[in-house]
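This report refers to the structure that appears directly beneath it.
Labels run A, B, C, D, E and F following the written order; every chain starts at residue 1.
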Amino acid sequence: MATPYRPADALRSPRYAGVRTFARLPLVPEPELGVDAVVLGAPFDTATSFRPGARFGPEAVRSASALLRPWHPTLAVDVFGSSSTADGGDLGVVPGNAEATAARLAEDLGGWLDAGATPVVVGGDHSILLGELRAHAARHGPLALLLLDAHADVWEDHCGERLFGGTVIRRAVEEELIDPQRSLLAGVRGPLYAEADLEAARELGFELITGDELRALGPGEYSQRVLTRTAGAHCFLSFDIDVIDPAFAPGTGTPEVAGLLPHEALPLLRSLAGTSFVGFDLVEVAPPYDGPGQTTAMLAANIVWEMLALRLVSAA
Amino acid sequence: MATPYRPADALRSPRYAGVRTFARLPLVPEPELGVDAVVLGAPFDTATSFRPGARFGPEAVRSASALLRPWHPTLAVDVFGSSSTADGGDLGVVPGNAEATAARLAEDLGGWLDAGATPVVVGGDHSILLGELRAHAARHGPLALLLLDAHADVWEDHCGERLFGGTVIRRAVEEELIDPQRSLLAGVRGPLYAEADLEAARELGFELITGDELRALGPGEYSQRVLTRTAGAHCFLSFDIDVIDPAFAPGTGTPEVAGLLPHEALPLLRSLAGTSFVGFDLVEVAPPYDGPGQTTAMLAANIVWEMLALRLVSAA
Amino acid sequence: MATPYRPADALRSPRYAGVRTFARLPLVPEPELGVDAVVLGAPFDTATSFRPGARFGPEAVRSASALLRPWHPTLAVDVFGSSSTADGGDLGVVPGNAEATAARLAEDLGGWLDAGATPVVVGGDHSILLGELRAHAARHGPLALLLLDAHADVWEDHCGERLFGGTVIRRAVEEELIDPQRSLLAGVRGPLYAEADLEAARELGFELITGDELRALGPGEYSQRVLTRTAGAHCFLSFDIDVIDPAFAPGTGTPEVAGLLPHEALPLLRSLAGTSFVGFDLVEVAPPYDGPGQTTAMLAANIVWEMLALRLVSAA
Amino acid sequence: MATPYRPADALRSPRYAGVRTFARLPLVPEPELGVDAVVLGAPFDTATSFRPGARFGPEAVRSASALLRPWHPTLAVDVFGSSSTADGGDLGVVPGNAEATAARLAEDLGGWLDAGATPVVVGGDHSILLGELRAHAARHGPLALLLLDAHADVWEDHCGERLFGGTVIRRAVEEELIDPQRSLLAGVRGPLYAEADLEAARELGFELITGDELRALGPGEYSQRVLTRTAGAHCFLSFDIDVIDPAFAPGTGTPEVAGLLPHEALPLLRSLAGTSFVGFDLVEVAPPYDGPGQTTAMLAANIVWEMLALRLVSAA
Amino acid sequence: MATPYRPADALRSPRYAGVRTFARLPLVPEPELGVDAVVLGAPFDTATSFRPGARFGPEAVRSASALLRPWHPTLAVDVFGSSSTADGGDLGVVPGNAEATAARLAEDLGGWLDAGATPVVVGGDHSILLGELRAHAARHGPLALLLLDAHADVWEDHCGERLFGGTVIRRAVEEELIDPQRSLLAGVRGPLYAEADLEAARELGFELITGDELRALGPGEYSQRVLTRTAGAHCFLSFDIDVIDPAFAPGTGTPEVAGLLPHEALPLLRSLAGTSFVGFDLVEVAPPYDGPGQTTAMLAANIVWEMLALRLVSAA
Amino acid sequence: MATPYRPADALRSPRYAGVRTFARLPLVPEPELGVDAVVLGAPFDTATSFRPGARFGPEAVRSASALLRPWHPTLAVDVFGSSSTADGGDLGVVPGNAEATAARLAEDLGGWLDAGATPVVVGGDHSILLGELRAHAARHGPLALLLLDAHADVWEDHCGERLFGGTVIRRAVEEELIDPQRSLLAGVRGPLYAEADLEAARELGFELITGDELRALGPGEYSQRVLTRTAGAHCFLSFDIDVIDPAFAPGTGTPEVAGLLPHEALPLLRSLAGTSFVGFDLVEVAPPYDGPGQTTAMLAANIVWEMLALRLVSAA
């Protein structure tokens, strides 16, 4: 690859022009050497426990990403200018079969990892995380997982199904893809099934921070906790859009009231500058439940963009 | 049961009052003797090939059914007055697992069949048909299937999955739940994967009538063909809402342009008076894609109501 | 009034410019001599039996009317060019009180009648008809009513309330505002409460034509029936938007499937050229249930425009 | 009643399955001994002063409540586990007649009170409060009213009608159903008709706290004020969803900008633990104005759930 | 190009997977030899006279085209199988400047023409036709234009602007890009500005067929007229989605009631098999006004697909 | 003018009655002496860089303004009671031509300025500001501009067009309509094209306050900065609705995540009491992207109302 991949120039064509790749980046449908970062879709929603639709999440996030621009004024980085970034299209999925999908995702994502790209995967429901973690762990060993999510996703099963959006973290522990002792689950809120729900995550070894605690901590203390917990480990950041308040992110499968404001979530993300990230995902955007203003998709596109920026200031 | 189950009286409470059972009928959550007809939901959409959301189909159809009234002026029957009709709630499903769902549906529906009720099941995606047919065939042997659908649903598999919305008819033939020689698939239209697509259904033994042919036939000839084909058999009517034109039924998973108008579909249904029906379903209503006027759900509720009327004038 | 009132010139300002009066006509908030035709709103929906929202009907119809142009190619008349037409604003209503509203409407509309204008009133639910008919009958005696509606609106009462959308025709008969022997109710369709429902209208003296019959008659025979029935009488045309199929008019309170297509309704209206109309209304547009394309409001605006055209070719 | 009424088990059937009762509780359509708490609908919106639609509020809140779970992590109570809770269906209403509705509501609600259940009523517009208060006051004498609302609802009349959403508090004072000296109206904000508007409430004897003041007070001081004001009295909590900011609760009849965030409102509610509540309502959810994500209904369902939790920690 | 470009295989990845190119065809952003047909976007809506939004038309049509399949059962052709078809991305546009856009479009489209591809351009408002015709006429001389449109688009100017959606046909005549004597404008309907409106098109030399006449003619007579009129000429087919009825195509800029049903429009298109087409466009899809079911975009995608099929059976 | 213009009386007619002028004020379509303040529309969106639709902004803001009431409890002024306020309809625009529109706007607005009215103009995209400033500067010389906007709008050009939403501030400087040394641009946020973007505004002489800085400053310090910067100058306040967070104002053309909450923006506005304002505008409301609750339009109507209140407490 002679020329780094960059977004189309908004001074030459309006931002709504062209096929909807992420941030109007070139479409590179197969893994290719020289790509520093790649945005990939995982259009799968078989394993969502309430409202489906996240299969259209990648399309919606790509559409909304047309408005992104390269310069990040807070982190002071040119998100696209200093590296080669591509839209890698969608990873393989098997509709109706979460387990087969995990296998396909792991295989396809592995190709990009082997080509040296840092991936940001756009879901899809949260079950896609299992395939991603398999790909990463096969190359790095168990990862430190940073989860921002309204739900801890550590149920045993869902109506008898073992791989589901709400069980994926437990499955990842069982497969030793992540190291709970180095991982933090943050943002959990809302009614629970039982008093023991939060304990279940802690019993698995995770540090668990509720949504109210997270808001109280703020970026400074949160990043300090992350630093302490993960130090030296390869980190994976998984962002479930439902950690955000439904007024800002209505387009999701299992919303909970009184979530993080974007004004809180973005500084939390930016506080992770310096963390050694090997991969990222953004999940559970369900476009049929977004409003005509497509605010959920737009926020999600910005979070993917923040992840691309974090890669540039990552210690990995 | 001393008193037959009837809808709430619209002269005493407005039609938008009360919990949304179908047509404001009593909720009878377990099979019960003395119920002549029962409306049941099958909230499952794991096996839909494009837009999900049919898991909310039963809710939307129940909501829209509040507007129904008892007297059918064309068939000249009192749909609710001359028998006992209940809303039986929803049948059991296993989200994310079409095969396990088929087993649960067959078992739960069997309970109602054994109690002597004629069921009308509201889907859900079309894969629910397999469980329904298992329950009926276990009691009656292979059925004559009357399908009204934009798609023949006889694919071999879908991305490797064998039980899917688009494969269910083939699976039912393989399990000998239906007798293709006595069955008609009508209403197929739109672009096809290959010239052979329509032949595939005929090779399985079905009579296949395309949408254009169906419109040309009209109710008189269609019912004549049905009579000839099914004579003497136990019949099951499966109505996929996508046989209707998307302007009238946008809320569905795989719409095709230029479908039947309700003005065509309702007379076709009514022309089946006298057929020996043992069961019915109405599938693929996907509420997130319906407009604010909820026209799809309203039309679907009317079709369920037509099915209840057909039961009254059935030869079964 | 020196200059006749005309719409704003679309060659000088785009049609979306300006305050939303009907067809961009001048706003004349009080009755004024020299106005030939006046469009008036009746923003009232207390008496709607299912979905409310018709109080915003006048606003929505005015908004959609911006697209109208003056020349009627079928009737070959310049709808605005040959007379003075105004938007008279809204008639007085009393929210929450249908009877008090009828009184206010009758009084306010009477002012316009005394000023010599032919009114077209945009509802609002169908109960507004009572006040309108009082105003007209006070000046002309009992009228011949031409109703196009999915429902005959001749119930005795609605949950104990005597003046409601569904009872207004019976009330008008009781008050001798209309002469049933000279009136036709056309377009009734859908499930009924009882076999006797249609007979109720006939027992009051009306000629009743169902929706299916109306479609079969077509414009030629329908207008012939109207001519025979109404000959010599002062006629009032009341058009309930729910006579139209819900795909074309989802934004209404009590939709019924399989209604008239606009392709059928508009010729029926135009076939009434030559009838002696003294007034018109268009009711039951409920904007919250219209889609983002506002097709219901747009169709309603066209029907009001057809009424203004009918006035020009009226024998009255 | 042998077994306490509990929600359906989400481990056995997905939360979107079954007829939409509140939180998937059993439907108990008539008052029954042994029910500790009952959720009831009041589908009435004749008396709303701007956007109608609250008649569909109970349906929407029931639909959104499917996502609720039993454990309240902040109050540390099992909302459903420690008592018997039912969905009692809808109370009687008389569409188009607010006064007759108040009488029906009082009678029907009285039946549940006599059976010993604590009711949470889901409106409907705010006029339903009058009937509720009549039922409670008939059994307890004048109540202490805690109102959270963007409007004080103490107008004299609305276009001549005396019982309306905006007049209901004044009517309740006149009927001596509430004791203003023990009541607080909190959350009022937005443009007013006149400088004296707020004084009107104070002249009736109420303590009035504006929205800005309420936000400044916070839960600690608010609950202290409530304690001081109501001490010893039987309390009724009425929550008008429009006290919440329109970004979080767009689906309401008379929204005002810059309202409470849910992050503020929920702690305020929880601060009322220990108050002696005899009843609750949640009013003015107008589903046609909610977005596709149904955030208003979801928030409202959570507030009803908070009320059920408050009952468990009530001193009553 | 060794391998012809074909859509992604729906048996290997679900149709909602991947970046949204038209029909999941390969994206070929620059003109390339060996491409038989190319779908191109023209995301421009500066020149729309009522509702804007057509700049998002190409995105919406691409999104909806995911459902297309290759076999055309009526024309009996494999639309994608027998030739190489690509998505060429979007042509250059200059937002806010219709004249500069025409120049850019002509230049960019010319590149594809020179590479030997037959283009189908997706608008964008109708003003884009001028640039297209310039590119074609530069290579073929004046074309025979077949227009299907609710409006004749032959105004002199629009509020002083000479190149607008409603003036583009007149401009094309003035520039001698089309030969009116060999062209037909069909489908015009709705209110007109003046009696002379239709004459204006005829005075320019066009054959003009109103919507009512077109419906009466049917496919047989329409195609006969086309054959007679165009015989021997290079033809261009321009399809304005507003020729379709708003119930089927609400998402457009200037809808008119009572348009063609898709059941009428598709046979009209198919009747043109054998015509010598050199190019096609589909314009005026305005996604913000489409419903959640996206029926307009889906119909538009089907019409583009019909155009690709017509190319295969074209005499050109 | 004998009687001052006031809104219609909400005690006599419900707020949803009547033609939608701003706040139900009288419509005064031509400049008239004695009008103290006038609300005017500028329905133009040719120069918007992403989502169009702002041409319908004036209609939507007028519609939502029906809910406004006269008394401002924070500023303690009767917004309508102490002066004569009118809705002046829409200013002239030339669709498709931003430069011609600027000329028309300047001319039409000048008429109102000469009549002595303080105008509040409702856009329309931000390019309308140029015409407004021309009218004001012709009478007062260069103005102090207070801008609240997510974007600084100082680009050199947009795809070659010099007058666009994103370039208008630079054009105004070049024409010496504003004095950058006395102007503040506040609220800028989101991804930028380049690090130098913010410097560009400062190089033109503006004081630039980013969104984060603005939130940190709060009303007290912001107003102090305004006072210092503008002292003695004639001020113009331009409020781009996209300075507000998209959850509260989704209906706009180029939203950016994490904007001002209304709870922050309204106090900022009110802190400007005492500033010498000669004019105001509110731009970029794009109704097709607003939700069904119309929260953007409602917030915008409130901001216009705040501007009318600011006029009353202005030092001008």
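A few notes on this one:
The rule is short, and it goes like this: contacts are C-beta pairs under 8 Å (C-beta built on N, C-alpha and C of every residue); 3 or more make two chains touch, one makes a residue touch a chain.
Fair warning: this is a prediction, and the values are worked out from it, not measured in the lab.
The chains that touch chain A as well as chain E are B, F. Least step count on the touch graph, chain A to chain C: 2. Contact with both chain D and chain E is made by A, B, C, F.
Averaging C-alpha coordinates per chain and comparing to chain F, the farthest chain turns out to be B. On a Cα centroid basis, the chain most remote from chain D in this structure is E.
Residue numbering at the chain A/chain F interface overlaps only partly, since under half of the positions present are found in both copies.
Averaging Cα coordinates per chain places chain D and chain F 38 Å apart.
Each of residues 13-14, 16, 49, 55-56, 93, 95, 158-159, 245, 247, 288-289, 291-292 in chain F touches at least two other chains.
This structure has the following touching chain pairs: A-B, A-D, A-E, A-F, B-C, B-D, B-E, C-D, C-E, C-F, D-F, E-F. Residue ranges of chain F in contact with chain E, taken from their complex: 45-47, 49, 51-53, 55-56, 93-98, 100, 158-161, 164, 288-289. The residues of chain A lying in touch with chain D in their complex are 49-50, 158-159, 190-195, 197-198, 210, 245-247, 250-252, 254-258, 288-291, 296. Touching chain D in their complex are the following residues of chain F: 10-16, 66-73, 76, 78-79, 245, 247-248, 261-263, 266, 291-295, 298-299, 302, 305. Of all the residues in chain D, the ones that touch chain B in their complex are 13-14, 16-21, 27, 41, 43, 55-56, 59, 62-63, 87, 89-90, 92-93, 95, 288, 292.
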